[in-house]
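Two complexes follow with chain A in common, the first pairing it with chain B and the second with chain C.
Moving on to the complex of A and B:
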């Protein structure tokens, strides 16, 4: 007998935690009641609704204790690498060393939301001339200044070229403040010319062979820098082992995503899925534990799917979500408004697709890096979205615009047009700030309207079908 | 002869011209802004106007864009989907210090060359390329040497004219106004922004350094003639990719080295920092400029609505000059 899956508040989680604790719930060292993180300043947690499984508890606790892990790693003499912007490639290299952990300072993106602006990071960014016309990643600058959210890394490695202007500009500002940065170039992925040698990339993409070679040479530079930091060589065997480990995480996540997006009723809420996907980028500073956390979540989902149980109504509108949302609460809101997640594209599909294992490891990573949706055209990205929409059976696409993001305004237009032209399904664009409370009624109305449109389309399809 | 339009300073006009095509570096205007874009908010006004001008141009043989900034990269997607003329996106690396980045730039020039040939151009021999490069170099040298006897506006016009045609009208000396020496720094100017030069003069200043993308800063430096004769394409790449300082480069320390040198060399007393709303690359440099350069800086942002912004800008420049005098 399993507990009925449901979405519960933080208060309800505390009561449930007590019960589970008394019943002898096994917990990792970072376990404990979720509400304890509120005293660290994570006030947004009070407003969220969570999955009620112990697997979800572990997931959240794992996510919210990353800073402690980084400090422990430093105390244990490990080198800390701040990987920036590439989302998923350099960490695979870093975790192939025994004495290195990597994390994304970019993750400060979420701090204004999770701490409901109380950390003062945006004010610091403002004072450095990086105001609200930039995306929420500007909080990263404040985090470097206060040194209160992560230890200052031993090395910063940032990809530039075909990236967003926000990050590139902010990283340069950080560099100007005295933080040394190792820059590496990711070129804009282009279509191969006629008769040009081509390489296949993850995600069904392709690129000219010369672009793969170029990225490979850039990653070779990164490798040398990491080797110098680690004081150890990263040979092909170790890097290949690192890739295999990364692929295990990706495989587990792929299974989880498939079940989460296709099973009826929806077996796991959108918010936990968002957190789970983020683990694939840099393993929340512990690759081994990431695997355990994901496996546990996957087991829970499998049990629920077998039992035909879920967290939402079976007729929830199936929504494909594009871009990470600055306010986590909006993922709850989608479900409150009658929607469910049915596919996602949070700008890091290349960190979810398996890394090729049939080519030399550096080449494999170069191919994965080039498959970054940010590195390619908006049209490529829109086409991938269309193909995933079909794969998961989504009925509408929601593009969550990121305030200030350099890519959003023009890219949103291309994605909307391509999805509408190709699939003819509804597309909604919303813009969500890090704390969307004041806009919540508007966002709610728009999400409800989208869910209702989906249901109306279903009804008219059924009518057409019934009437021959 | 087909015209190829472009705007990025890292595209060598010589390369297009050597293919037997007419290179025209367009200077869009606010009124060109593409109104059909789904959203104006979040889009750099210059990008909006560039898209609008390319979309409206039914005569040009092709358009060339670069990856120097993310928004221009996205503009290419819009143009390629909805535009009427063939478009090409050239990868211009942001990193510049590695031989691989330099080689990538040269490869991209060659790829651009193949695009130009598809449009009816002819692949140039080294001699033909060298000849065109010399013509352009001469024209730029005359512009530079005219700097001392042209008003800032005329000087900026001459640079713009050179980008449309390397044959210059004679540059006659004109009486120069006295004024507080200022620099104008930032991204590219649009056509009607050129009135800024006049405005500054009327208010008692003089732009002695045009460090905008459309000004002195974005102008290719002199070619090394020995290297030019030996390997013209490599010299072209060295001069453009290797020498034009810009906010987009990582790191962009060369921009500050260039600025420091020029500011001292021209005895500049204050900087007008002109940027577009939603241009992250230049916006982020404002704080850095203030930290690094010990000169007063006036920040002027533009949403691309010149007619509404003019009084505000004029008042701010007046106050800035009063403070400097």
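Moving on to the complex of A and C:
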């Protein structure tokens, strides 16, 4: 069945699902109509607009069935590891074992949005002294208390040091509730001094050799802890194989990102791209299936690009998006306001860059971990953003502040100034709470104005060319 | 004599609705009007629009295109299209002050700083975040707390000898501060001058490191005397108030309507 790519509502997806089902749509075990997740309390789904491809349906179903997968893993005797704050390093180690799955409890920060506050997780966090002056990731505390969103992991691992202050406080509170946490430290990445031994990191960064050695020693501790949990040794060969698998996911995602951000017209909506990118962090509790889901999405995008078909107007303003949004609907809003995604920096670029395969595996993971945007300075982040803006051809940068997130108070201005000074393109900051309905008119005005400004700048450029 | 086609701009702001009618070809202003905003935004906009048309001897068939702007723009059902107030203020100010390079617009609910190129197009803009501390709402809260009308604030501020330091950047907390200042015997004049300085400081913070002159001040708050001086002090720049500052958004919308009518890019 060939259908024009478009963004459709949940109701329209139901009708489309019936047609596809009758036509014999092949589906995985977790397949089915999207609307069934609403009965689980995911009310926000009713207000979103989705890509209409079967590949997108699979992506959403994969995302929304993670809890079932974790329960099945437990029933099958697998060890479950909650990897907190760390975005994309420890999961690579965990998935190198046969009997282990890793997941990302921090992901609970989307539950208040998806369930439109109905789960009461933020109220539980409030009652534990972690109020709205903290990032919405505090919802994770509530999820641990209710045990209604994921099984309590066999082991919790959390990185601290040059990470998010809010998250460190929240994780400590969790620890205080009796959940044992294995802590490992990530230092603030600094520039090597003159004559100091240097190590190259992914993403064109570098760090002093001694910092890499330190992180390597921390990851060696993590490895021992995981081995004890698994009851099996993780030798270099197995870990290297795990890294190669992780890189396959990253490679697939890199290709998808490049096409999604540069092809005209835009071949895939911003919301599906956000979900796809998140898979790189922890594989939604199934690394193998992540690969299948991403490949299917990539194939769909390639078909659309070859056919010159897309989901948005060809003249959509090309926006580079910084930080993930607490309310998924705002990704839809960007497109409703005349924008399209043209590059992203969701605070985990190090989980998208390939892990080095030409060095011993722990060394490679240490280098990847040190390339975490949050471990370095905001200037480093801003420079990477500038580089990616140029690579993807974005015309403006949108910084989405996370309410309560301590890092957002400072980094926005630094990024704005570096981008404005280096590239001279418009930069806009917005703040997005978990459910942004009441703020929708003000956010809409800002996004529409950004799209109008981009178009006005295009016209100015065209006039200058015309006038020589 | 053949009747000329009219284009209209409707600025549905959070406190007031403004309508400007222009000649579609010459862009000469042929009529304007203003009314308080209310719950029934669409009805109020429509009523004002009809009243302005009638006052100027025109009717609906004379109107070629209508553009709505402002916070309530989506509610204006008679509009052919909507454009944000950022673009409309830029167009309106450029028409009135072609050399303008920076526009500061402080309205009832939000504030913005626009950087324009030589052709009057927006190069970049910044807006206040969720808090109303840098907006006209701050002045409304102050007037209410002091028990005076909004238009009395300017003359009051002019009499200030020692502007009070308003430390809070949140309107709700600032109201508490004002209560405390009143209780401690601070003169109302000094409180108002302090609030104006706090709003100006907020705008200067938004502006960042560079503000290219000429700087033009628009929006309803530009009519509050004392605010221009406060902005000049905070920005360390000359700031000029746009002619009819409350109407620049509607004027810009009307000009954009004429562009739409002629098929030119908006």
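As a working rule, the second predicted complex is superposed on the first by the 467 of 468 C-alpha atoms of A that agree within 3 Å, B and C clash if a C-alpha of one lies under 4 Å from a C-alpha of the other, contacts with A are read in each partner's own complex, and residues count from 1 in each chain.
Rule of thumb we're sticking to: a residue touches a chain if its C-beta (ideal position, glycine included) is under 8 Å from a C-beta of that chain, and two chains touch if they have at least 3 such contacts.
Everything numeric here is computed off the predicted structure, so don't read it as measured data.
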For this session: Check chain A with both chain B and chain C modelled on it and let me know: fit or clash.
Result: fit
For this session: For A:349, select first, second, both or neither according to whether it touches chain B, chain C, the two together, or no partner.
Result: neither
For this session: Examine A:427 and indicate which partner it touches, taking first as chain B and second as chain C; both and neither are also allowed.
Result: second
Problem set entry | Touched partner set for A:165, first chain B, second chain C, both or neither | first
Seminar exercise, completed: The answer to whether chain B or chain C touches more of chain A is B
For this session: Calculate the angle at chain A, using C-alpha centres, between the directions toward chain B and chain C; round to the nearest 10 degrees.
Result: 80
Exercise. So, does A:417 touch the first partner chain B, the second partner chain C, both, or neither?
Worked result: both
Exercise. Does chain B (first) or chain C (second) touch A:96, or do both, or does neither?
Worked result: neither
Exercise. Rounded to a whole Å, what is the shortest Cα gap between chain B and chain C in the overlaid structures?
Worked result: 5
For this session: Would you please give the residues of chain A that touch chain B in one complex and also touch chain C in the other complex?
Result: 401, 413, 416-417
Exercise. Which residues, counting only chain A, touch chain B once they are in their complex?
Worked result: 128-131, 133-134, 158, 160-166, 168-173, 175-176, 181, 183-185, 187-188, 190, 193, 210, 214, 217-218, 221, 377-379, 401, 404-414, 416-417
Problem set entry | Residues of chain C touching chain A in the complex | 71, 74, 83-87, 110, 117, 119, 121-127, 129-130, 208-209, 265
Seminar exercise, completed: Seen from chain A, its contact residues with chain C in the complex are 401, 413, 416-417, 420, 426-429, 431, 439, 441-442, 445-446, 448-449, 452-453, 455-457, 459-460, 463
Seminar exercise, completed: In their shared complex, chain A is touched by residues of chain B numbered 37-39, 41-43, 47, 67, 69-71, 73-78, 80-81, 89, 91, 93-95, 98, 100-101, 104, 107, 111, 114, 247-248, 250-252, 277-281, 283-288, 290-292
